[in-house]
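Same chain, two partners: chain A is paired with chain B first, then with chain C.
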Partner chain A sequence: MEKTVVGKSYPRLDGPAKALGAAKYVADLKMPNMLYVKVLRSPHPHARIVRIDSSKAAALPGVRAVLSGQDCQAMLGLYLIDRPIFAIDKVRFVGEPVAAVAATSLRLAAQALALIAVEYELLPPVLDLATALAKDAPLVHEKLHEYAHIHNVFFPVPHTNISNHSKIRKGDVNLGFSQSDYVYEATYRVPQMQHVPIEAHGAVAQMDMTGKVTIWSGCQSPNAVRKLAAVAFNLPEGRIRVITPQVGGGFGGKAGIGIEGMVMALAMRVAPYPVRLILEREEVFCGTAVRQGLQATIKTGYTKEGRLLAQEADLIWDGGAYTEYGVNIVRAAAYSSAGPYDIAHLKTDSYCVYTNTPVGGPFRGFGMGELHWALEQQIDAIAAKLGMDPVAIRLQNAVCDGSTNATGEVLVGVGLSKCIEGAARLIGMDATPSERKPNHGKGLACMVKGPSTPGTAASSAFIKINEDGSINVTISSAEIGQGMQTVMAQIAAEELGLSMEMVHINTPDTDYSPYEWQTVASRITYSTGNAVQRAAREARGKLLAMASEKLESPPESLTIVRGVITRRDGIGPATSIKELALGLSLPTGAGRGGPVMGTGYFIPDGIHGMDPETGQTPKVTSHWTFGAQAAEVAVDIETGKVNVLRVSAVYDTGFVLNPLLALGQVEGGIMQGLSVALYEELQLSQGQVKNQSFVDYKIATAAELPEMLVGFVETPLDDGPYGARGFGEHTMVPTAPAIANAIFNAVGVRIVDLPITPEKVLAALRAKPK
Partner chain B sequence: MQRKIAFTVNQQQVEMVVDPFERLIDVLRERLDLTGTKEGCGGGECGACTVLLDGESVNSCLVLAVEIDGKAVRTVEGLSHYLELDELQQAFVNEGAIQCGFCTPGMLMSARALLDKNSEPTVADIREAISGNLCRCTGYERIVVAVSKAARPASALT
Partner chain C sequence: MFNQFDYVALPSWTLACSFMASHPTAMIYAGGTDILVRCREGRLLPSHLVDIKGLPGATAMAQAEDGSIVIGAATPLNAIERFLKGKAGYEALVQAAHVVGSWQIRNRASLGGNICNASPAADTAPALLVLEATLLLVGPSGERILPIGEFFLAPGKTALLPGEILRSIVLPAQTQATVSIYLKAARTKAVDLAQVGVALLMLPDKNVRVALGAVAPVPLLAWSGRHSAPPANWTTEETERLVSVVEQMAAPITDLRATADYRRHMVGVLLRRAVEQATLLHQERGEGR
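Moving on to the complex of A and B:
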């Protein structure tokens, strides 16, 4: 049937409210008698807390509560419960919350913080991976072996700093190397970096006098916040309500649970008054989750024709002080470690390593940006060694239908080659050398990613029909800028035969909106989209059943167009969704049926755990999405400065539900990827973040905007709504290696450590053999 | 020392007593509940809090309340005509210039300041005008397109 709403460019539904300044974010909420929170943070990377004296702070007039790890022993964790709300017994990173104050004003709260006396006994800090992995290294977590975690999915190594070791053993890697003509090994590094949502993290919490807690949080995952808070505070989920207004950017930094634990603990002390914590920008840099660092050593065996036969990968992740969420990034990297290539023999060891640095966590791409920084330069370097075309070597090794990936899964519906060819064509990769300007170059990189969720990650949706014939679509996905609300509305409108202006959609409130696992993993279009589609179909079925009675025609003979229900052949009378919204009115004056609702749920089918020793499994994730980007750069050989002139991107998204919003995702991803490539790095000195402001931590501005060329391939996904796949995160994954490859093409130097600063480029140019 | 100040916000006359440490953004958000103006960094580095002060774009987190005495402030709430989006706001919506929306009010005010002075800006002019406004979502391209589109009808009128 012809689609009328999906596949079309509708402006986002939340656009007008955001343009008018009417959209409400958590910092815009103001409640009577609200208390303000300030957090005392550790000045040391690793120290024992000898004593905390908060008596003077508590005695300050206007201070309503002071809490520290002495009063609150609650622990948080998504996959491994290792993170206290306030440091208990010792601090593990500079910026770790030690105590918090709730007072009648922010100024008073700040004054009170200065009155809290903490005595520390310094411990030897673990500030880098080498120290962390050394024999007899100081332990960041002495009780790692006691921490609750998901067994047989994550593998902590007791009495070490390794909180997870994920393995892949596919084929026989020694055989693969012995069959290879050449072996190439290189090491690539990615520093920790910040998500930098323009909205700082914030939450408000209030406990009423019955003990029910409400949390308003600018978070990605209201149900995860509720679940993890319920575990931490030993409360049933039904006694916690999480409301998520508009969220000013997430990128993974607001996934899982963050500062909500602190505000909830304080709210439980000062009931019935609400408490509010909005982080300062410097607290976002040092105190919230960052992208994990990575040191990747890749050894590749290949034939003289350029076929990859074997790969051994050591992926050592800097997980920071707590890895409750980060352990799963390490696992995802292991099972994705072949990248987008068909490699018969694979051995991967992916380690999550504790250090006394900021907490590592999910970041748009969930390890794939870091992994592909290594893999996509590795294959480029091999092409250069063989004198091969970088596009040709990728096409030769790219997975296709019937290929197996790192876990041995047989892939179907793979459109990778079309993405590579498309990105190469858009940027003009095949231009002859004579057309090249000096110190200009082009490079390409491709990528693969699947949603790294538990096999049980669920979505649900609820649709009710209003008296005016409009509908409310109720879900608990967070609108973090990705345009999810608009796409969900399009799906509901398509299924119910409504125009877009007849669809209303909510922001989450766990008391009223149905369950959603998390707004992460590029899974909302796919997973929630399926739930919304099913809910709409259920509502449609009920409407058509009533219409059938009213129009005296079987349901399958009927259709709904712009809310009007008629026979498909146009013969006979009509009714409408509006007329049937509250049930069927019979000519006798009686009624039948009732107000129409539709419900739908979705869990991906057949996700299977990995073999603990080999990582092999028939299906580790719901689906894979492939893409490629190519960059054109100009390198200033006097200064080392890299100017990114153009970037092309082609993704196989299965089906483009909204071209305008899809374009926005890709352009935004390219620019974030460019920013990561050239500028971003958390600069640490003795564990302390030195660049805690936008002056010192540069992100890309409009001044650095390259020309962007975007295309899509549509290889339908069997169980995606209209065939759609997730791709929001994927859009930034290959940008940095594409730029690095373009620099190599331009001036013959390869920068293997992010970011690509002018200093590194200049040093490489000077070291280059003449 | 507290001081009484008088100024206009979106053409409405306002008088209040302010503390010496109070900032313009606090006056707008906390005193007047005009929460359309966003605070992103508190240090004048991200542009989310951009408003117009006597027609010039300023970071409202860097302006002290006492400095606005006798001046005219325009915020994002002052762009629309009652509930109707102006052409710049409409262009932001139509062209996909908005994602999470947190930088949007500041972007709009920087763009407004540009268009008020230059009704036919070049792409370079637009990029320059918004280069002090950080956006982490859109990649800026749609914003540049939106400002260009909004400028065109205005230039056609003159």
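Moving on to the complex of A and C:
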């Protein structure tokens, strides 16, 4: 059937409210008798808490509660329960919450903090991976072996700093290396970095006199917050209500549960007063989840024709002080460790390592940006060694239908080669050398990613038809700036034959909106999209059944266009969604049926756990999305500065639901990828974040904007709505390696440690053999 | 979180000075782009912020008959850039004003605030040094004039006496044949502090001045003197001689923004580029005449 709404560009539904300042965020909430929270954070990376004396703080007039680990033993964790709400017995990173105060003003709360006396006994800190993995290393978590975790999915190594060891054993690497003409090994590094959403993390919580708790949180995952809080505080889910207003950016930094635990603990102590915590930017840097660091050593065996035969990968992740969420990034990296290439023999060891540094967590790409930083330079380096074209070597090794990935899954519906060719063409990778300006270069990188969710990650949607024939689409995924609301509205409008103005969409409220696992993993268009489509189809079915009776024509013969229901052939009378919204009114004056609603749900089919020893499985994730980017750079060989002139990007998104938003998503991804490539890094000294403001944590500005050339490939996904695949995170994954490869192409030096600073470029240029 | 302070606006410079003299913890408030950030961080705890923007002439600019230019201390950088654009010789200040922060910041950020802050990296300081600006200071006991070279004492420390306020910045007249350039190295192309700033001024009489930012505890006039040839005829050797003299003056440190080595390296790179650009500008002017 002809599509009328999906596939077309619509500006963001949430745009006007945001541009006008009408959109409400958590920090806009003001309630009577609200208390303000300040958090006392650890000044030490690793120390035993000998004593906390908060009596002076508690005695300060206006202070309503002071909580610390002594009062709150609750633990949090999505995959591995290792994180207390407040440090218990010891602190594990600079910035860890030790205590919090709720007071009648922020000023009082800050004063009270200064009155809390904490006595620490310093412990030897574990500040880097080498220390963490050394024999007899101090342990960040002595009781790792007792922590609850999802068995057979995550593999903590007791009495070490390794909280997860994920393995891939595919084929026989020794055989693969012996068949290879050459072997190349290199190590790549990625530092920890911050998501820096424009809205700092914030939450307000209130427990009413019946004991019901409401949390307003600018989070990505209202249902996950509710569930993890229910476990931590031993409350039934139904007694916790999570409301998520507009969210000013997430990028993974607001996934799972974060500050909500502290706020809820305080709210339960001071009921019925609402308590509010809005982090300062400095706290966002040191106290919220960061992108994990990675040290990746890749050893590749290949033939003289450029065919990759074997790969051994050691992925050592700096998970920081707590890895309740991070363990899954490490697993995702293992099962994605072949990257977008068909490699017969694979051995991967991916380790999640505790250190006394900020907590690692999900960050747009969920490990793929880090992994591809290594893989996509590795293949580029191999091409250079062989004197091969970097595009040709990728096309030769790219997965296609029938290839197997790292887990042995046989892939179908793969459009990667078209992406590579498209990105290469857009930037002109094959331009003849004579056209090249000095110190200008082009580089390409590919990527693959699938949503790293449990097999049971579910979505649901609920549609009600209003008296005026408009509809409300109710879901629990968060609008974090990705444009999800607009796309969901398009799907509902498409299915119900409505124009976009007739679709209203809510922000989540777990009391009223149906279940959503989490707004993460680039899965909302795919998973929630399916649920919305099904809900709309159910409502449509009910409408057409009534219309059929009214118009005396079978439902299959009817169609809905802009809310008007007629026979497809246009013959005969018409009715409308509006007329049927509350049920069928009969000529006799009686009514039948009732207000129309539609419900829909979705769980991807057939996801299968990995074999604990080999990681092999028929289907580890719901689907894969492939893409490629190419960058053109100019390197200033005197200053070492890299100017990114142009970036091309082509993704196989299955179906482009909204070209305008898809373009926006790619442009945003390229900018974030460029920023990561050139600037972003948490600079730590003794575990302390030194650059905890935008003065010295630099992100790309509008002045860095390159020319962007964007294309799409549409290989439909069987179970995607209209064939659509997820691709929100993917858009930043290959940018950094594409830039690094372009630098290599321009000046012949390869920067293997992010970010690519001018100092590193100059040092590499000086070291380059003349 | 902010400390509590009172906002004060007074009708005259004299009253403002006496207020400052009698309130030792009061501070001057111009654009606020520095001071408010520091207050929030708790690094400054002023009892009062004394707004000078409404004082007579505080945001005015004028060129006198003799060609000298007077800029009210609280004039925002965007306004200064507009006013000076196209005036020969002042290019360095136009360029320096243009690379401070962002457009929004420059709508507020004042020239006076930029130098009274006494940051070694203040972008306008090297430009003012090569332009040999003088400062009109008003204090409880009257006015005095100070050459900009005597203004910066240490990071965050100026020659302002208690109760003294910078009233205006005076730029000496420049001839049509004078060219100046300011070049800044920073991590991002906008909204970043200088890793190194280099200002160069070339006078038609072969006099050359070079000033540096962010490579010493204070902005520094690194060279002022006659050169062997007029700008248009410099050989590479002549440029290199200047570079090596100027490099000697740099005493950079390593911090989050750059290593000392990189800063030292960039002094030479930027100075060579400044010479190149100044020469070009000189030639263009010559041709235009």
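Details
Quick note on the criterion: the second predicted complex is superposed on the first by the 770 of 770 C-alpha atoms of A that agree within 3 Å, B and C clash if a C-alpha of one lies under 4 Å from a C-alpha of the other, contacts with A are read in each partner's own complex, and residues count from 1 in each chain.
Note that in this section a contact is a pair of C-beta atoms (placed from the backbone, for glycine too) under 8 Å apart; a residue touches a chain by one contact, two chains touch by 3 or more.
Everything numeric in this text was worked out from a predicted model, so none of it was measured.
In the superposed model, B is the one of chain B and chain C that contacts more residues of chain A.
Of the two partner chains, neither chain B nor chain C is touched by A:590. Shared-chain residue A:639: touches chain C; no touch with chain B.
Using the contact criterion defined above for the overlaid structures, shared-chain residue A:671 touches chain B, although it does not reach chain C. Shared-chain residue A:767: touches no atom of chain B or chain C. In the superposition on chain A, A:691 makes contact with chain C only, not with chain B.
Of the two partner chains placed by the overlay, chain B and chain C both lie in contact with A:701.
Once the two complexes are laid over each other on the shared chain, residue contacts for A:209 go to neither chain B nor chain C. In the superposed model, A:571 lies in contact with neither chain B nor chain C. For the contact definition in use here, the residues of chain A common to its chain B contact set and its chain C contact set are 280, 694-695, 699, 701-703. Of all residues in chain A, only 106-107, 110, 280, 638-640, 679, 683, 690-691, 694-696, 698-704, 757-759, 762 touch chain C in the complex they form. The touching residues of chain C, counted against chain A in their complex, run 1, 102, 185, 187-193, 256-259, 261-262, 265-266, 269. By the touch criterion given at the top, residues 11-12, 14-25, 27-28, 30, 195-200, 246-251, 280-281, 480-483, 660-661, 663-664, 667-672, 693-695, 699, 701-703, 705, 708 of chain A touch chain B in their complex.
Residue ranges on chain B touching chain A, taken from their complex, read 29-30, 33-43, 45-46, 48, 75-77, 79-80, 83, 85, 89-90, 92-94, 96, 98-105, 108, 126-128, 130-144.
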